[in-house]
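Which chain is which? They are A, B and C, in the order written, and residues in each are numbered from 1.
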Amino acid sequence: MLRFIARRLAIALGLLLVLSVLVYWLLTLALDPLDDLRSNPALNRDQLIEVRTAQLNLDAPWYVRYFDWLTSFVRGDLGVAWRSGQQVSNLLGGAIATSIQLVFAATCIALIVGVTIGLISALRQYTTFDYAITFASFVLFALPVFWVAVLLKQFLAIGVNDYLNRPSMNWPAVLGVSVVAGLFWAGAIATELRRQLIVFGIAFAVTLGVLCYALLSGWVLDPQLGVVGVALIGFGAAVAITVIFAGISNRRALYAALATAAAGVASWVGMQWLFLYVPMSELWLLGLMLIAVAVACLIGWLFGGPDRGVSMRGAAIVAVIMSIAVYVDRVLQGWDIYMGASIINRRPIATIGAQTPNLGGDFWISQLDRWTHLLLPTIALVLISFAGYTRYQRGSMLEVMNQDYIRTARAKGLSERVVITRHALRNALLPLASIVPVDFITMIGGAVITETIFNWSGMGRLFITSLTGSEIDPIMAYIMITGALAMIANLVADFVYGLLDPRIRVNA
Amino acid sequence: MSNDDNTREGAQWDGDPKSGFDPEPAIESDPIALLPGDSASTAGAADAVGRGEGVGTAKEVEGLSQGQIVWSRFLRHKGAMFGVAVLALIALLSYTAMGIGPIPGWWKYQSHTATSDIVNGAAPTLSWTGLGDHPFGQDNIGRDNFAMVLSGVQTSLLVMTVLGVMALLLGTLVGSVAGYYRGRSDTFLMRFTDLVITLPVIVLGAVLGKLVNTLPQTLNMTSDQTASLRENMPLLLAVFLGLILWPGLARLVRSEFLTLREREFVDAARVSGASDWRIITKHVLPNAVGVIIVNTTLTMSAAVVLEAALSFLGFGVTDPNVSLGKLISDYQAAFITRPWLFWWPGLFIILIALSVNFIGDGLRDAFDPRTKKIPSQRQMDKAAALLVKEPVK
Amino acid sequence: MSANNPGPKNAKSVSKGLEGAERLSKRIGGKVAMGDTILEVRDLGVRFWVNDDWFTAAQGLTYDLKAGEVLAIVGESGSGKTQSAMSLIGLLPKNGRATGSAKLKGTELIGMNLRQLQQVRGNEISVIFQEPMTALNPVYTVGFQIVETLRTHFLMQPTQARARAIDLMRLVEIPDPEDSFNKFPHQLSGGQRQRIMIAQALACDPGLLIADEPTTALDVTVQGEILKLMRDLRERVTAAIILITHDMGVVADMADRIVVMKDGKVVEHGTSDDIFYRPQHAYTKQLLASVPHLGSATADEDLTKTRLSLVAEGERTGVPMMQSDSSVTPALLMEDVAIEYPKAGRRAAFRAANHINLRVDPGEVIGLVGESGSGKTTIGRAAVALLPVVEGKLTVNGRDITNAKPGELKPFRKEVGIVFQDPGSSLNPRLPVGESIGEPILLHLGLKGAELSKRVENLLESVQLPRAMRNRYPHELSGGQRQRIGIARALALQPKLLIADEPTSALDVSVQARVLKLFQDLQAEYGFACMFISHDLAVVEMLSQRIAVMRHGYLVEVGPTKEIVSDPQHPYTKRLLSAVPVPDPAEQKRRRELRDAILEEQHIVS
């Protein structure tokens, strides 16, 4: 096993080396560090050219320059972005962190939404719902992200910001959204016409009601969850999770999930106190969520029932959802203050950068600020990626549903719900294990356009600015990092897949 | 999925569960169920399979070769026909209006850089009654948007075609050799594709794009040479981009060849004394055509968006040429005051990419006979009603 | 059962294990005793909605089934046998509908709603499917899958269910059940997986078991074991069994009553004796006549005074080379040959055959038999130079082709032909069949155009196909027709040696009979030497003068057909022969007893 990993690493290293040579050579052809000077009308132009040539060693042949770069790189000296004079290592550190932030949320959302819709689409093959989803995926594939981003900036940023200052009721839009929501849920949940109508009716009414309440009561001006909202989310999640994964007849699992939700609501009070007196950080938040999950597992174990595992799993998921709900609630509590800040000036949706400089305020305000900045780029990224996941998962699920063991499961008398969640799902989700790590990690370096448009100082933008400015060192660093990450991602993907698939993990 | 822009390279469709999004297999020969009896007529139900497959298909396909069957299936695919129609219309419009090369078109503003007086507040004059002077409007200095957009369309179509052809030829050639002979060519191909796939497509594309733009300086060209290079920039860019898009297709062709060469008819041909060349060209390649064509169309669709994205960033097509991506980039700030400058180029990119996607999907459905239509619940209910009315036949 | 082999755990005690458990799914009707009628099927029909019309897959099925009885539904593909059984538990594809009536202990099954059906499935009626590898979910342990069935229908604690599952595994003779409980399907052999399927099916003590081609995907010896298991269980469990199969030998072994189906209709039904000894319908008679009956082809021959067959000694040696007339150039001569699959990518080179000593004289037909993994296909491929020989010497028609380069092989290729197993993939789907047939002629004789067409048409005629067929495409032809095309292609250059690699294994019985007859006629007419590779001993017996038996890459016994079939020497050959079921119930009964004795003697724990 170890030898296998070592071999793969060695090959990866070799590939990186070859890659570095090739790219460096291409860059020496592509970059012209003297281009702005050539058209400079200044009198000492030739002198300036000489100086820069010497500074960048442009007279030496490319392989000499490459060798210089390589020796420095290996020693940890990543070079200098000569236009600004900044050390590349400084630039990189911030860039990587920024890119990861950007990409993480988008990948999670795209994954969850895309996989779920893909699965449902497969189960509703050849229905109108399926065709609609497929058509939508096609359109989303064909959308150029830069075009979409500009649209988002206009409608979602400027539009919403304007709206928040002068709210009005837009009946056609609200009705339209409710109808679409109704159609979506009807197509996803039910197959017979009668049930579809019922689901449509309920979904339409609920969506309409929520939207009306939100807009008419002015909730949008100061969105808050409050303990009521958190409780609703918690109990709703408990019921939904139990129905899907354990079956409504599994009382123990239901009680465990509900108890976890109740515990979550109860802890809400304690949390407010904690947030007030203890300065928070991301680490704290992570720790608190882990504690919540542990407590949930305990509750699940205590409620037991014949299948402790099922109860624990359900309770754990509810705990995660509750933690997120409490977090969102606390963050939103700072909304009013945020809106009132002079820099924000009541226009919260941001289009530039990862955070507002010189904002001040405590941890929670900066969290809110982060989220408002993250909103648009995430939407842009999600729109494009989730279509891919939907198509993929649909195909994978269709293939699984045609397998013999699904027929066996049905022949054993298992309910359709169990057949899908227990037998089909595991096999259909398995291929994802090899795709998701690769996708996520390559997106870190690949979100070039989104970063450029929204002005995030991530890896992608670093690459673009350096390429435009003909700075070779940052580009090489970028290439090396991205390349290495991609290869590691592949290794991880193979490893994880091997771990999850018993046919590979356990050999006969 | 790996890039934010949908510049997905062919590499991600190699059917490998690790890195593709369509695990549907491309072609399978259509196994009509076995008949107890030797009449040269239709097949019965596929009993052992028990899924009603194979029932009734034989009737439709009598007397037709595989190619003809695929073609007729393709023609019946609504999405694909929509795609073909839209693409043809767009191509027709842009090439007749703006002309091809030296041949002029019928549109009055043949140049996309010429300015004229601002009419109608620069807003579009397109209406039910006619095209008017500036159907897509004008920009702030009076350039005609219709001319610009349609010229941009020409660039996109050119890039798409050249890229498609390059990927097709190179990909098929290398992929088939690697898949059939294995050995060294295979290792080379795999390592090379690994290399190319490592970096996001847009990164390599940007570098190459910049390279093309810097060529005059690098090669110390004269101003004449530079001018002619600039004119043919889109073509050159397409060629360079083709160099990074072909490995994806090659990988797919390779895996298809790997499967096909294990088939018994290949062994039979070998025993008959066929040479390797004959086996590849007459036996394996015709059976791999489905996968190749489908994925070439997908590559072409990605190419359109890739070129637009690169032009948007400034590393693709630059002045004096025009590209839809460049138009969007130039006019993104004008969105509030002159939105037509922004909508029309985007619309055309979407239409082209969408049409090609639909065509690709139609082709895939045409080549893959496995996707049998299972009727929906409503159809079954209607059919059941029929059953009640007619007793057992 | 002798004292040494105590047999499976008493099934009665196994069903007792369920008595205390609370039922989640209702039981239909009351307690059933042996001999009660539990299934009444009247005019059952199945249709499919295809291309906007109803297609009838089965119609007019009427039968009664009693507890403890085995009903065999026999038919070839397209007869509707599987669909009619699947319709009992509503397992038809979405576009299928069942009509008529099927009453399980008085309760109507056709038209039951899904929830009620789910209580019947697995609980009252269980199914055993054909392909055990794909029928079990690869990501869950086999133990879990059995426990799942139990806990769906009974309110059981996990530990209780586990104990019962292990009992069931012991009942079906899985070795080391506690350990095997945690194994995944891919870790078990084919036979063991099928046993797990049986255990799973019996878990809830069902009244009816539907076995859909349960042994078709298994090797002959494994099939014998599974059939034996099913017979034993049958005696101890009150379940009735519907056995769906196309194999008349299996039917003769197991069935009490038989329903014969053709094209969706029942052509004949009756007791096992009635059908086998007094068939009435023409189709039944034809079907029985088409089934190869082991021992019947050589029944009239006498054993020679001196034994001519050669037997391998010990585990890793092959059969020595036979003595023969050195004046005759053998069509095929393999001297201590070893064959390897070359290294391909990550997979290491794999030695499939060792120490092969084989000789085929001109005009002789030798049958090569063995189970999966025996290496018989490898020998066939090596004989036509599709696989490299790494040791020893391979001579065809006097020409040494052991290490021949591709160029040297050209003249050799004129003299051999090969017919493949799968008619679906042995013809290029893109070419009209005439071109496929004509390819060898084109490549070796350089004939084109009209001359080539004439030759092709002559070949088509010799395999009894219409001349006009040469412009058809493979997908328009049936399996039997495609196989004839394959034969025509193999004979195009009038080879001296023909390798037939399982040519009829993928065909229905009646088609197989016709193709085999064609084969015999062609062999008599053209006089080519032939190596007939098959796993079906009865078929091989019909055609060959000599038989070679292979196991795990070694030849274990070679000799004249009569000797091998009537008086085998090697223990494996004896086992193999005894496991082949014959389509004659009385004879099959005798053979079963013989087989038990043989297994006893060899101390094989099945």
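As a convention for this text, contacts are C-beta pairs under 8 Å (C-beta built on N, C-alpha and C of every residue); 3 or more make two chains touch, one makes a residue touch a chain.
Here the structure is a predicted model, which is why all the values come from computation and not from measurement.
Undergrad: What chain sits nearest the middle when you go by CA atom centres?
TA: B
Undergrad: Please tell me whether B-C or A-C has the greater number of C-beta pairs in contact.
TA: The greater number of contacts lies at B-C.
Undergrad: How big is the gap, in whole Å, between where the Cα atoms of subunit A centre and where those of subunit B centre?
TA: Roughly 28 Å separates the two chain centres.
Undergrad: CA centre of subunit B versus CA centre of subunit C: separation in Å?
TA: Centre separation, subunit B to subunit C: 46 Å.
Undergrad: So how far apart, in whole Å, are subunit A and subunit C when each is placed at the average of its C-alpha atoms?
TA: Distance between chain centres, rounded to whole Å: 52 Å.
Undergrad: Counting only residues that touch at least 2 other chains, which ones in subunit C make the list?
TA: none
Undergrad: Among the residues of subunit A, pick out those that touch two or more other chains and give their numbers.
TA: Residue numbers touching two or more other chains: none in subunit A.
Undergrad: Can you pull out the residues of subunit B that are in contact with at least two other chains?
TA: 374-375
Undergrad: Would you pull the subunit B residues touching subunit A in the complex into a rising list?
TA: 1-6, 8, 17-24, 191, 194-195, 197-200, 202-203, 206-208, 210-211, 214-215, 217-218, 301, 305, 308-309, 312-315, 325, 328-329, 332, 335-336, 342, 346, 349-350, 353-354, 357-358, 361, 373-378
Undergrad: Quick one: which bits of subunit C touch subunit A in the complex? Just the residue numbers, please.
TA: Listed in rising order, the residues are 25, 89, 91, 114, 118-123, 126-127, 129, 131, 134-140, 148-149, 152-153, 156-158, 184, 186-187, 197, 200.
Undergrad: Residues of subunit C touching subunit B in their complex?
TA: It comes out as residues 45, 47-51, 53-57, 59, 75-83, 86, 93-97, 99, 130, 213, 262-263, 344-345, 381, 384-386, 410, 413-414, 416-418, 420-422, 424-432, 436, 439-440, 443-444, 466, 469, 472-481, 486, 489, 492, 506-511, 514.
Undergrad: So in the complex, the part of subunit B that touches subunit C is made up of which residues?
TA: Listed in rising order, the residues of subunit B that touch subunit C are 29-40, 43-48, 50-52, 55-56, 58, 61-67, 182, 263-265, 267-274, 278, 282-283, 286-287, 374-375, 379-380, 383-384, 386-387, 392-393.
Undergrad: What part of subunit A is in contact with subunit B in the complex they form?
TA: By the definition above, subunit A touches subunit B via 15, 18-19, 22-23, 26-27, 29-32, 35, 110, 125-127, 138-139, 141-147, 150, 154, 191-193, 380-381, 384-385, 388-389, 391-392, 395-396, 398-399, 431, 434-435, 438-439, 442-443, 445-450, 452, 460, 463-464, 467-468, 479, 482-483, 486-487, 490, 493-494, 497.
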